Structures are given as structure tokens and as C-alpha cells.
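Each of the next two complexes has subunit A plus one more chain, namely subunit B in the first and subunit C in the second.
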Partner chain A sequence: MTDIASTPWVGRSQPAEEAPEIVTGALQYVTDLRLPGTLHGVVVRSTVPHARLDGVDVDAARELEGVAAVLVAADVPVNALGPRDVDGPVLADTVVRQVGEAIALVAAKDAATAHRAAALVRVALTPLPVVSDMAAALDDDAPRLHAHGNLSGRIAFRSGDVDAALAGAHLVVHHEVRTPGQEHVAIETPGGTAIWEDGHATVWCGSQNPGLHQRKIARALGVEPDHVRMIGGPVGGAFGARNDDPMPVYLALLARATGRPVRLHTTREEVMTAGAKRHPFRTEITVGFDADGRILGSRVRALADTGPVITSGPNVMKTSAEMSTGPYAFEAAEFDGTVVYTNNANAGAFRGYGVPQVAFAVENAMTRAAQRLGVDPVEIRLRNALRGGDRHSLYGHLTTESLRVDEALRIAGAHPLWADRDEWAAGATWPWRRGTGVAVAMKGVGMGSGTGDTARARLRIDGTGHVTIWAGPNHTGQSIQTTYRQVAADTLGMSYDDVSVIVGDTAVVPESGPTAASRSTYAGGAAVHAVCLALREDCERLGLHLDTDAAGTGEKLEALGRAEHAAEFRLPDTEHIGLVPHADLATFAPHRVYGSCAQVVRAEVNVLTGEIRVPELLCALDCGTPINPGGVLGQAEGGILQGLGLALMEDHVVTDGIPRTTSLENYLAPTVADAPRMHTVLVPGAEATGPYGAKGMSEVVVVPTPPALAAAVLDAVGVLPAELPVTPERLLALMEEVA
Partner chain B sequence: MTGPARLVRPRRVAEVSALLGGARPVAGGTDLLVQRRAGAPHHSLVDLTGLEDAPPPLRVTAGPSPSLVLSAVAPIAVVVDALDGRFPALADAAAFFASQQIRNRATIGGNLATGSPAADTVPPLLAAGAVVTIRGADGEREAPLEDFLLGPRAVDLRPAEWILAVTVPAPPAAGGYRKVGGRRALAISFLDLAWQWRADDGVLRDVRLAMGSVAPTVVRLRGAEAELEGRRVTPDVAHAAIAAVQADIHPIDDLRASAGYRRRCAAGLLREALGSIDARHPHPAASHTHLALPTTSTSCEHPTCPVSAGDIVA
Partner chain C sequence: MRVNGQSVDLAAAADALGVKVDEVAGTRLLDVLRDGLGLTGAKEGCGMGECGSCTVLVDGRAVCSCLVLQGQVTDADVETVEGLADRGGADLQEAFVRRQAVQCGYCIPGVLMSCAALLERVPEPTDDDIRGALDGNLCRCTGYNRFHDAVHDVARGRCAGAS
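Presenting the complex of A and B:
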């Protein structure tokens, strides 16, 4: 643990290093790159959800003047987006399984020609029956989307005797919830530029995992990974969407086929039709409580729709499983989660990664139990809170001391938003009613035990004393490199300005895994810390003084051939894996480190129309040391707004396999006019294994918002919404049902 | 005009109609761009924003009962600023119309010409008895807004005609607008309601109600108006007026909302508007009603109010 009172950089808000360029419009995003002689690419996509692909006639398109290439499945050296069949092809081969699935790629001298050529591609299709209902996907008579059927994955685990626990319970709450597909709505839609030179591909395209995209490109092109350079930024937002995105592969294929730079930039309608969404879930929970509100046991069943290919489906359900016991300590727990294939939108990684869906069930059940038992909603959660060092309720593994669910709840409970809720409710003006809700959540940091999750950093000091660091995970909008610089400056005892950080380029940045799983600050920051320590220790051994004579030190190290260092940080597995068989550790991947977040939501409900307004919200955030507090606040507020969108309006509608919400006119996400006044309070604490005590936070902030909103609605009008988003229509119907 | 699409920008009102053969008039272009992106053909355009002799954003006529003449080709933001509180229902509608950036471009003329049943400026204009001034090759004609709206995306504009201005009698002080949508800006309405009336010692006179997104065009709620006209808003009168709404609306299911929700919400919006004056939910009947006045009631005991005290969990 580190006392950040003495660190000049860590713990002090630092503007994102690229902020001036962003706000002045000077920043060149990957889709802004223009190389001389660039061709324009277009993707020809399926307009039907499920069909046999009888043939693709590209002759007319290829003959059009100005067309440089039209590629179909047969033109892709290895037509696969991953090692398994269920990863799906790069281009549809014998079947299409989703509206928007890529069938052909076109490159032409300009955009208009590329679109004309795309329109000339003739696709012969025989329609097949559509799997549109996740609940029917495993029926015997359901059309099979893959050779082995429609089961994408299943994860089940049990600790203790749940039946006995429920049988002995004073109160059993059974609750079923539905959560929708959610669109990431990154401001920059997928796209970029690729070139092919001397048997090497260079691809500029937004990526949360440049190393993975490098390997995907290499697989499809049939070349060695070191013949592919992936430059994954600057990108205008990700939120999970740049994890499963096939765009870098399309770009590389077109560049190689034409030998010229190719640029491709999807439209909003295209990405909303074809891009990955948050997995729609149906989740069912049964929880037993004693008379004091202590949880005796819980059983959670979840069903998720991953669309036609696997992407992150079973991995998302793995996180759902781990968080199906919420941030609570109890004896008997059971989880059974199933992921199915359908012809609906492909679902993939999305901030929260399976946790918001199950947390909505868990927290709604806690809200209901508090109401039934007459226990204060903060108090019932405190009575059950998992404390740092406790064993996890499902897997029995050890958590670390930094987990502060209880303190987050205490801060929420003491805040005026909660404490003064009755007075606030009394000020309501007909036909609006006011209510206040609370919810809490936790989420693991990193990929979990047994996964070998590792981040790496390289460093070089030059003769002027300037230090350059190449590190990952990549920057995808959160300005992680600013955080890395703060860690480096304090570790080296140097100024922030004397350190540069480069991220996102596979040619220079060592493999560091994805910008995902709330791991970047924790793992990437720790790797940066380690490489800086290596330099500092070298200097100490050699009697050199980085802090007072960086230039002299750099010169001497260069002369000695010791100016470069490398280090890695492997995320520590949990110290005690509990009930999980050792051989299955990576299957369940229990975490060692968790962050948590409690939120209080104030809501106003119109009893005549069902409208909801959220004027104010509190977020108590357990993130360990905030390396860059301003960055933490930005992540928290953005995450809360994404959570409010899920709670109130965001809903990717697909009917009979046809996506209906394919533009921002009919898919609504919150605007600044919908944003509440947000208060974020950081819970004091530090994680011993994290850089300067930091741990990840940018996902957990999304999780409590929907259930806290639902609890606020219950408080306001006496009904507990179980389906997201809580639209005016749904809420009015609920109120009428009760009336 | 034939050949590639062209854009012309006349300087004189008198020049416009001659240019409209084969071309479409455009002012803010905010709906046109969306239609084009969705695949609409690229017609030649006559830009109405460069007219040096266009009417001013607002002209208030002289005389004992002044009228407001609103420019149809000036940005909505400019017109509302010029109104300076003279037409509160329109100002309320403008506040929920798209976003500030769009209000800085979009015009009332465009909002009318689009013929959308969800056009936000139409309910207050219809409730206020607006008359549309239409300019054509042979000069000007006037059409009551109610007659001008023919159906979804259909209005009474003949070839070479365009909208120059909209005139409304200065509305009474009591009036307002409420929109229900999926979010608080940049949202097409699920439905909306504009109302105006004079309250003489609690008795309503000149009651005018208009509702959007519940029929092929924005509609007057004539049945409800008749129930309210010349009466005090007792619970029975309110109940009758709310019940009468249903006969004047013909909502459909779409992606935004179901017909059933629109019917219930239509009743709710009128209930809310009347709540500003009825005895059960006492509000001063005067002035511009934002429906944000304090009350201590925690439940509504009125028979038409969907929530009763029994719903509330303490």
C-alpha cells in the first residue's frame, strides 16, 4: 500500500494527454487517415436473417470501371474469424445467419463506384426458417444454426444445499427479469485503413485487443502474425465493440487483394444492423432469507442470446455465473447459465460483460426482500455484504482485503440523497411521484484465475533523460496512456512531462491482452510500474540519479547498453481457489480482486403517462487508489449514463430476425438532457497487488444503475419493473396491472 | 429542371415559385437530409433562406386583437426568441423540438410542409387556430392549418407553392404543451398535446385542444373541447372530457409506442392538463401552466386517475 499524499502525480487529476487535440478537432482518429491512392471499401451484407447461400455472382461488379477487387468467401485464404467453426467465417460461404452478415467485400476508386459495384453483386439465397426466440432455440424442432445445434455454451456450479436453504427460509423471493440487446453507440463507427507492402499488412483500425486482431488477420490471410502490424488507435470509443469487430480483417484482405491502400468506414446503420450488442438475457432468481434478511441460499438460471456466432457468448456467461451471488456472503448458491445461437443480432463484449443482466435479477430480489421484510434497503444489503477477505459465495475462493462493498453501502446510506429521501418524496407535484432506490454491485478485475492474464511494458531512456514506455492494454477512449504516465513519473521520481507512453501498435508494444475486464489500469499500470522499477533499481545499483540527473543517467545507460528494460505483470490468481477443481480453474476463472459500486437513484414517475425522470444520482465507488481521479469521475459518469440508458430507453429490437432499431432516430440513448446531476464519491481503500493500490472500475459503474432505478420506481409508485428498459409504456402497464 | 440535382438560392420572394418547377423548396433541410440518407431521391432544391424580402421572424399586427405573423422560413429558435413569451405553448413545444442545433436551422414552414403527425410545432399552432400563408405563381392564398394537413406526409401544397408565413390570433395566457417521448431531447413524440383556454372565474371558454401522433394528422380534440366549453372543471366534467378524447383519435402501433398506450396516455395528458385547474388538484387557472405547482397529495383519488392510494407501498 502506498501513501499517495506524497506522490506528485498519482492521485492527482491529470487531463487526458490528447484532450486539447480532441476538443479542437485536431486528433486524427483511425478513420481520419488518408493515404495517397486509397481505394474505398464497401461490405456487401445479407438482407435476410437465415438462408442457404446458393451462389454469389460478382462478374458484373468486377467488370465495372474503377473496381479494384470484389472478394467472396472463396477469395479468403482461411475463411475463419477464429479457430472454431462457431467463430464464423470472414465472409458467408454456404449459409447466412444474420441480417448484416458480410457476404462480399468491394474496393473501388471512390465511394460511389464501390457502392455501385456492391449493388451489382448478385446473391442467390434460399430462405431457411429463422431461430428468433432464445427460449425456443434448443427445442428439438428448432432449425439448427451449427452442426452440433444451437447450444453455444453452458456453465453451471453449485455450492451447498440450496433446496435445504430455501426450505428453511423465512422468506423466499422468486423473480424473473429480462434485459435487452444494447448498442455500444461509440461515436466513431468501425473503420480504418490498411496497406499491403512486401508481404506485410499494416492496419489502422480501432481495437481493444491489437494482438488478437493481429492474429485474426494473420489467420485469415494465411500469413505469420509478424507479417501483420495492427495499429489500434486513436479510436473514438469502444465499450466492448472493438473486441469482436471483424473490420481489421476486411481491411487487410482488401489491401492484399488490391496492393493499394484501402479505406473502409461503416455507416451508423450498418454497425447497428451488423455490429455486436450486449447479450439479451432472461434471468430467474430464487433467494431465501431468514427473518432478519440474511440470505440463506440462492438459485439463478440465466439464458442468453449470442446471435449466430459465438464471439464472447460463453465467456460473458462465465462472468454472469461468478456475479450471480452479487456482492453478498452466504452459504448455498447455485447457478445454471445457457447461451444459445439464434438468427438475431450477434452479441459480444459490452461494458459489464454479463454482470448487469444477472445483477438486475439479484438486486431486484434484494429490493423486494427489503420491502417484504420491512428492512431498510441499505441495511439488508449491509447485513449480507461480502467483505474483503471473505470467501466467494458460489466458488468459495478468497477475495482480497481491498473489497469494500460495506463501506460503499455505508457512504450511500449516509448521503443526503438516501438519508433525506422521505423529505424529497414529499415535495413531489402531481401527477409526478418521487422515489429513491439503492443498489450495489461488484465485478472482478482482470480475466480471472487460471487464465494467465498478463500485461507487459518496455522502456527506453535516451541521452536527454527522456523515458519512452511502450505498454498495453490499448487506449480506447479512456486515455489509459495518461494513467500509465502518472504511474511511471512517480515510480521513476521524474516529471510527467519527461515520460512518453505509446500504446496500441503491435510493432512496438509488447503483447498485453485486451482493454477489457476492468484490467487496464490494474494490469497495464502494474506492468508500467514494474518496468520503471527495473530501471530505477538498475540506476540505484549503478549509483545513477534519475531524479536529479536524468540526462546524465540516460547517457551513461546508453553507453552501458542498459537503456532498455522490459517487464511483465501477471495477474495473481486467487490465493485459495475454494470449491473449483484445479483442472477447471480457467473454466470458472474466479477473481482475486474485485471492485464494487453502490448507487442511489432519485426518480420521478408520472402516474398518468409512465414517464420517468432521474434528476440526481449518487455513486459510491470502491476502486482502490484513483491514479487519475478526474479520469475515474469521467468513467463513472459515462458508465452511469450507459446504465441509465439500459434502464430507461436503450433496446435493440429484432423481430423474426429483422433488426428494427437500425439508426439513432429509433434507437434512443440518453442525451445530456437526460443526464442526472451525478455525485461520485470514492471509497477510501487500496489493493495491495495493484499499482499504487489501484484496481479497475470502469465496468462496475454500469451495473447498479438499472436495479437502483427499479427500486426508485418501486418506492415512487409501488411497482417493481422486471423488464428493461423501463419505458413509459411498460411502466404505465405495470401501474395499471396493480390498480 | 432536368439533369443533375441543382441548388438555387433566390433573393426575392417573387422569384421562388418560377424556380419550383421540378424542384423542391428547402429551408432548414433537417428532415430532407434524413430522408436522403434513407434513400429518398435527390431532387433539385430551391433554398428559401436567402430571401431578402422574406417576412421578419415575427410581426405583431396592430389593432385591438392583434395577431402574430410567424415567418415560415426563419429558424424556429429565432421565431421563438422573437415571440418573447407571447405564445407559451409554442415556446414549450420548441423547447422539446429536437435539439438547439436543429432548432437553429429548422423552420416552422418545414415542420408544416413535412406533414408529419408527430411535428412538434403543429399542436400549438392548430390549437391556436393558425392560418397558413401559401405563396404560389399567382400570388398568395391562405389556408386554415386544419385544412392544410391532409394526411401523413401529405399537405395542401400545389405545384410551385411554398409556405411563406403562419398567422395566429394572439393566444390567451392560459395554454401549454406536453410531449411524451422516449427521452428529453431529440425524440420523435409518442404523443403530444397542446391546449389553450380562457378561465373566467373558473369557467372555461374558447377551449382548444390539439393532439399529435394519434391520428394521420395532428387533430383537434373536438369532443373533449365540447365537454369543457362553458363549464367548470369538476371531476365529472373532467371525466367526460377525458372519455371524449378517444373518439377523436385513431392511433396506430409503431416502434415507438402501441396504439393502446397512446390511447391511455392521451387520456393521461388531458387529465394532467386539466389537473392544473380542477378542484381536486388545485392550481391557479391563470397564466402559463407548466404543471409544476406544489401539492401535498401522495395519491390521486380521482376516478380517472390510474393510480389510487392502494397502489402505494409505504
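Presenting the complex of A and C:
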């Protein structure tokens, strides 16, 4: 346990190190780079959802003056975005499976010429029947997107006798919930610049996983990974969208084909059409309760639409499976999740990674049970809360002591937003009614047991005593370098200003995996801690002092050839894997470490229009030690608003394979006018395996918001929404149906 | 057109844009700033006036520079985030840093220009004033709460300084 009162840097709010450059406009994002002689790239995309690709005629486009390259599938040395067929091609070859799928790449002397050339590319297509309904994707007569059919993945697990538990229940709650595709809306659309020199590619493009993109580029170009340098930032937002993005591959292909710098910057319409979304889910849940509201058993069946290629589909469902029992302790649970291919929007990683979808089902069941049984909604959750050190309800593995679901709930329950809800509701004036809702969630930190999840760090001290650390995961808006510097400064006993951190560049940063799975602070911070400890221990053995004589120490270590260190942090597997067969550990990847979050939402509902306003919200966040508390609060607030967007307005609509919400005019993301005043309370705690007791938190904050909003609607107007987003139209229809 | 107090050399801008001088007037202000003048603080997030990341001040008013042609602002004073400190906005920039109101930061130049325009018009803005001024600036990272905190800080600081 760390006493952060005694650490000069850890536990202090520290502005992001690049913030001064951001506020002056000086920070050059990957799409701001301007290299002399740069060509402009454009992607030619499919306008139909499913068709045989009979041919692509690029002759006219290539002949246009100022065009440097027009590439089709046959021009890609290895036309694959991953090792499996279902990873999809870089450029469509025999078939297109989605509106927006890339068919050709153009590079020209300027943007106008590139667009003119793109318009000259003639694509010959024979339309194929479209799979647009995820529920029909596995029907015998459904058109097949892949040779083996439309099943992308399935994960099922059972613990205990669920039938007996449900049969003996005092109350059984059963419902299906639906959650939509959600667009990341990172404000910087995908893009960047690439160069090809002496057989080496350098690519500046936003990435949550520069090492993975380096390998993807190398595969497509047919070169060794060390001939590719991927620089993954600075980037304007990620939220999962920079995990599966093929943009770095497009850039590298065009740079090699032309031998010149190439710049690409996709339009908002392109990314909204072609970019991966949060997986749409249909989740059916049955939960049995005893008369006191204790859960006896649950059965969850989930169906997810991953679109035409696999991206993260089955891995997302893996996380759904693990969180299908919510943050609750009970004896009998069953999960069966199926991921299917369709011609709808490709779906991939999005903050929360399969948890918001199933949590909406679970928490709605808790809300309903509390109502039916007449138990306080906080109390029913407390009665079932999984406590640190408990066994997980589906897999039976051990959680760590740092889990604080119950404390998060107690903080929520004691907060005036919850405690004073009756007085607040009484203040409503017609046609508005007021309600308050609560929900809680947990999510694993890191990739899970059996996955070999590893973060690495390198360090060098120079003769002036300055320490430079190269570490990952990358920064995509979390000011992760700032966090790493705080960890390093305290571990070394040095000043924050005497430590630099570099992230995101495969040429210098050791492979550290993705900025994903709430792992950057936890795993990356632990790797930084480890490499700093290595230096400190060296100094202690040699009688050198970093705190009082860093320059002298640096000089001596350089002279001794001991100025550099490397270290790694491997995510610890759960200590007891419970019911999971050892050979299948990575298949289910149960977590050892979890964070949790309880939220209270106040909602005002207009009974005439169905409009919902959320003026205030409480978030009680169990994140272990907050290394940079201001950064944690900012991440919480941003995540909550993404959860509220999913709850109230965000809905990527695709009908018959045609995306309908392809601009910010008809895809609504929350503005400042939609943002409630958010109060975040950090739950005291520390995770023994994390750096200074920290654990990840950026995903779990998204999860409770939609079910807490639904519960607030129930409290206000007596109906519990089962489909997200809860638009005014849907809510009015629901109120009329019940009336 | 003056940008951040300096007259623009249209010939040089045209050269950088790769167009003829008389074509600059038909070029989006955003492109003139970014590609003609190398002022990449204003960002493009949607190209249709929905996200606000290209917001600059035209004669003191916050506008989306993706919706304006250079020929529409030939006699105007254009101000971008690069000129904000020189026009007395350093306190606003510092408040955003101090309040940790910046995450990925891509929307921030536009947000700052909208805030600067608001504070000129309304020295002590309410939360509703701030919502009104920023409802055209989309931010996906922060949840907006810290923008309010930063603007209130600046308003307090300026009032204290003025009294």
C-alpha cells in the first residue's frame, strides 16, 4: 500500500505535458505534418454493401496529369490486414462486403487532382444479397459473407445449476435489451503522412497500438517489421477507433508506390461510413432473486454484429461473457454469446469493449428487481456486491482485494444526489417529471489471464543526470507520459522535470501492446516503475545517489556502461483460475484485477415530448491510487459523457446495409449543452500489483451511465427503457404503450 | 485580410496552396490558414460546421473557418489560436492547462477561440452563457465540465485585475 501523502509526484494533479503546446496551437498532430513535395491521397470506396467485384478499371485515373499512383488489390504485395481471411483484405479483391470498403488508393500532386482521379476509377460490380439483420445472419438461407459462413465467434460458459436456481427463485426478471452501433467521433479523423526511403517506411498516423500497425504494414508490404517505423501520435482522440484502423497501411502503400511523401486525411463522412463502431448487441437476460433481492442465478444470451470482417468481434464478446454476471456474487450463472458477420458497419474496439451492452441488461434487471421487491436500488446492489477477494460468479476465479464495488455503492447511496432524490423529484414542474437512478459496473484491467499481456520500458541516464524513458502503451489523449513521469520521479527520488518520457514510436519504444483494456497506467506504469527500480538498485549497490547528485551518478554510470536499463511488466494471471480449464485460460481470459464504478443520474423527463435532460450526475470510482487525480477526473468525465451519449442520442443507423448516419448532422454526439455537472468521488483503495497502487479506470466509467439513466426514467415516468438510445420518440412510444 | 494583426501576403499564400493568386478568394479560410499560411492550430474535424474545431475569430466573432471562403473576409481581422496570447488570451490558455481541461487537445484551439469571443462580449459569463458560446464546439474527451471551470477562473481573474 502506498501512502501518497509521502510521494512528491504520485497523487498530485499534474497538467498534461503537451497541454501548453495544445493551447497555443503549436502541437503538430499527425494530420498537421507538412513535408515538402507531399502527394495527396484519396481512398476509393464501395458504395454498395455487398457485391461481387468484377473489375476495377484505373486506366483513366492513372493517365490523369498529376496522378502519381492508383493502387488496387493486385498492387498490394500481401493483400491482407491480418493473418486470417476474416481479417479482410487491405483493398477489396473479389467481393465488397460493406459500404465504404476500400477498393483503390490514389496519390496525386494535390487534393483536387486526387479526387478527380478517384472519380475516374471504374468499379464493375454484381450486386449480391445483403445480410442486414444480425438475428437472421445464421439462417440456413442467409447469404454467406465468408466461405465458412457468418459465424464470427461464440463463447459459452456455465457455473452451477442455473435451471434449479431459477426454478427456486421468488422473483424471475426476464427481458431483452438492444444497444446500438456507436461511433467514436474522435475529432481528428483518420489520417497522417508516410514516407518511403531506402527500403524503409516511416508512417505518422494515429495509433493505439503502434507495434500492431507496424506488423500490419510490414505484412501488407511484404517487408520485415524492422523496415517499418510507426509513429502513433500526437493524435486527436482514439476511444478504440485507432486499434483496427487500416489507415497506416494505406499510407505506407502509397508512399512506397510513389517514392514520395504521401498525406491522407479522411473526411468525417468516410470515417462514419467505413470506420469501426461499437458492436450493436441484442442481449437477453433471465435473473432469479430470493425474496430479499439476493441473486440466485442468471442466464445471459448475447448476439453481436461485427459487420463484414472480424476485427475485435470475438474478443469483445469475451469481455461481455466475463461481465455478464455484473459486479455481483452468486452461485449459478450461464452465458452464451454469438458474434455474426453482416454487411452492416464493421464493428471493433470501443471504450468498454462489450461491457456496456451486457451491463445494460444486467443493471436493468437489478433495477426491475428492486422495484418489484420493494428494495432500495442501492441496497439490492449492496446485498449482491462482489467484494475484493471473492470468486467471480461465472468463472470462479479469484479477484484481488482492491475491488471496491461495495464502497463505491455506499458513496453513491450517501451522496445528496441519491439521498435527497425525493425532495428533488418533488420540485418538478409540469410537463417535466424528475427521477433518479443508480447503477454499478466493474471491468477488468488489462488483457486478462493467459494472454501474456506485457508492457515494457527502457531507460537511460545521461551525464547531466537527466533520465529519458521510452515506454508504452502510447498516448492518445490520456497524458500517459505525464503519469509515467510522475511514477518515474518518485521511484527514482528525482524531480519530475529531470525525467522525460517518449511513447508511441516503434523505432525507440519497446513493444508494449495497445492503449486499450484500461491497461496503460496499470501495465505501462508498472513497467516504468520496474525500469526505474532497476536503475535505483544499481545506484544503491554502487553507492551512487540520484536524489542529491544525479549528474555525477549519470557520469559514473555512463563510464561504467551501466547507464541503460530495460524492464517489463507482465500482467499477473489470476491466482486461482477457478472453473476455467487451464488450457482454455486465454479463451476466457478472466482478470485478476478489476476496477468498478457506481453512478447516480438525475433525469428530467418531458411527458409531452419524451425529451430527457440530465442536469447532474455522481460517479463513485474505484481506481486504486490516482497517480494524476486531475487526469483521472477528466477521463471519468469524458467517459461518462460518452456513456450518456449512448444512453440518450448516439445511434449509428444502417438499413439494408446502407449507413444512414454519416455526418455529425444526423449522428448526434453530446455537446456542452447535453453535459451534466459531474461529481466524481474517488473510492479509497490501492491495487497491490499496480504502480503505487493504481489500476485502470477509463473504460468502466462509460458502463453504468446508460442503465442509471434508464433507472432514472423509470423513477420519473414509470417505464424502464430496454433499447438504447432512449430517444424522445422511443420514450413517448413506451409511455403510450404502458398507459 | 489581416491574420493575427498581420496583413496576409496573398501571393505567398497562393504559392503555398498551389493555386493562382486569384483563386485564393475561392479557397476555404481554413485551408488558407493551414496550408497557405502554415497556421495549423485551427483543425478540420468535419468540414461542415458541425464540430467547431476550425473556429477562428472574424472581426471578433467566432466562426467556423471551414464554412467561409477567403473572399468573404478580405477586409476582415482574422484571429487564430496562434495569436491568442498576443491579444490578451494567455490567461485563458493558462486556465485550460491548470484546470486540466485538455486531453487529446484537437478541439481545444476552436474551443479557446469561442471562449475568447464570449469573454469579450460577456466579461462574467454564467454557465448558460458558456453553453451558448460552446454548443458548436464538439469535444469527445473531456465532458466539457472543465471548460466551465476554466472560463469562470478567467472571468474572476480579469474582474479582480480590473477592480
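Everything below uses one rule, namely that the second predicted complex is superposed on the first by the 739 of 739 C-alpha atoms of A that agree within 3 Å, B and C clash if a C-alpha of one lies under 4 Å from a C-alpha of the other, contacts with A are read in each partner's own complex, and residues count from 1 in each chain.
Definition applied: a residue touches a chain if its C-beta (ideal position, glycine included) is under 8 Å from a C-beta of that chain, and two chains touch if they have at least 3 such contacts.
Just so we're clear, the structure is a prediction, and the values are computed from it rather than from any experiment.
Chemist: Using the touch definition from the top, say if A:239 reaches subunit B (first), subunit C (second), both or neither.
Modeler: The answer is second: A:239 touches subunit C but not subunit B.
Chemist: In the overlaid three-chain picture, which partner chain does A:665 touch, first (subunit B) or second (subunit C), both, or neither?
Modeler: both
Chemist: Is A:608 contacted by the first partner subunit B, the second partner subunit C, both or neither?
Modeler: In the superposition, A:608 touches subunit B alone.
Chemist: Tell me which partner A:728 touches in the superposition: subunit B (first), subunit C (second), both or neither.
Modeler: first
Chemist: Pick one for A:371: touches subunit B only (first), subunit C only (second), both, or neither.
Modeler: In the superposition, A:371 contacts subunit B only.
Chemist: A:416 contacts which: subunit B (first), subunit C (second), both, neither?
Modeler: neither
Chemist: Give the label of whichever partner, subunit B or subunit C, reaches more residues of subunit A.
Modeler: Between subunit B and subunit C, C touches the greater number of residues in subunit A.
Chemist: Is A:678 in contact with subunit B, with subunit C, with both, or with neither (first, second, both, neither)?
Modeler: In the superposition, A:678 touches subunit C alone.
Chemist: Counting only touches as set out at the top, which of subunit B and subunit C does A:431 meet: first, second, both, neither?
Modeler: First partner only, subunit B.
Chemist: Based on the A-chain superposition described above, do subunit B and subunit C contact any of the same residues on subunit A, and if so which?
Modeler: 665, 671-673
Chemist: Which bits of subunit C are touching subunit A when the two form their complex?
Modeler: 18, 34-35, 38-48, 50-51, 53, 80-82, 84-85, 93-94, 96-109, 112, 130-131, 134-147
Chemist: Can you tell me which positions in subunit B touch subunit A when the two form their complex?
Modeler: So the residues of subunit B in touch with subunit A come to 34, 99, 180, 182-188, 190, 255-258, 261, 264-265, 267-269, 271-272, 275, 281, 291-298, 300, 305-308, 310-313.
Chemist: Give the list of subunit A residues in touch with subunit C in this complex.
Modeler: 13, 15-16, 18-20, 22-29, 31-32, 34, 109-110, 184-189, 234-239, 265, 267-268, 476-479, 630-631, 633-642, 663-665, 669, 671-673, 675, 677-678
Chemist: Which of the residues in subunit A end up touching subunit B in this complex?
Modeler: Checking each residue of subunit A against subunit B gives 371, 426-431, 433, 606-611, 613, 648-649, 653, 660-661, 665-666, 668, 670-674, 714-715, 717-719, 727-729, 732-733, 735-736, 738-739.
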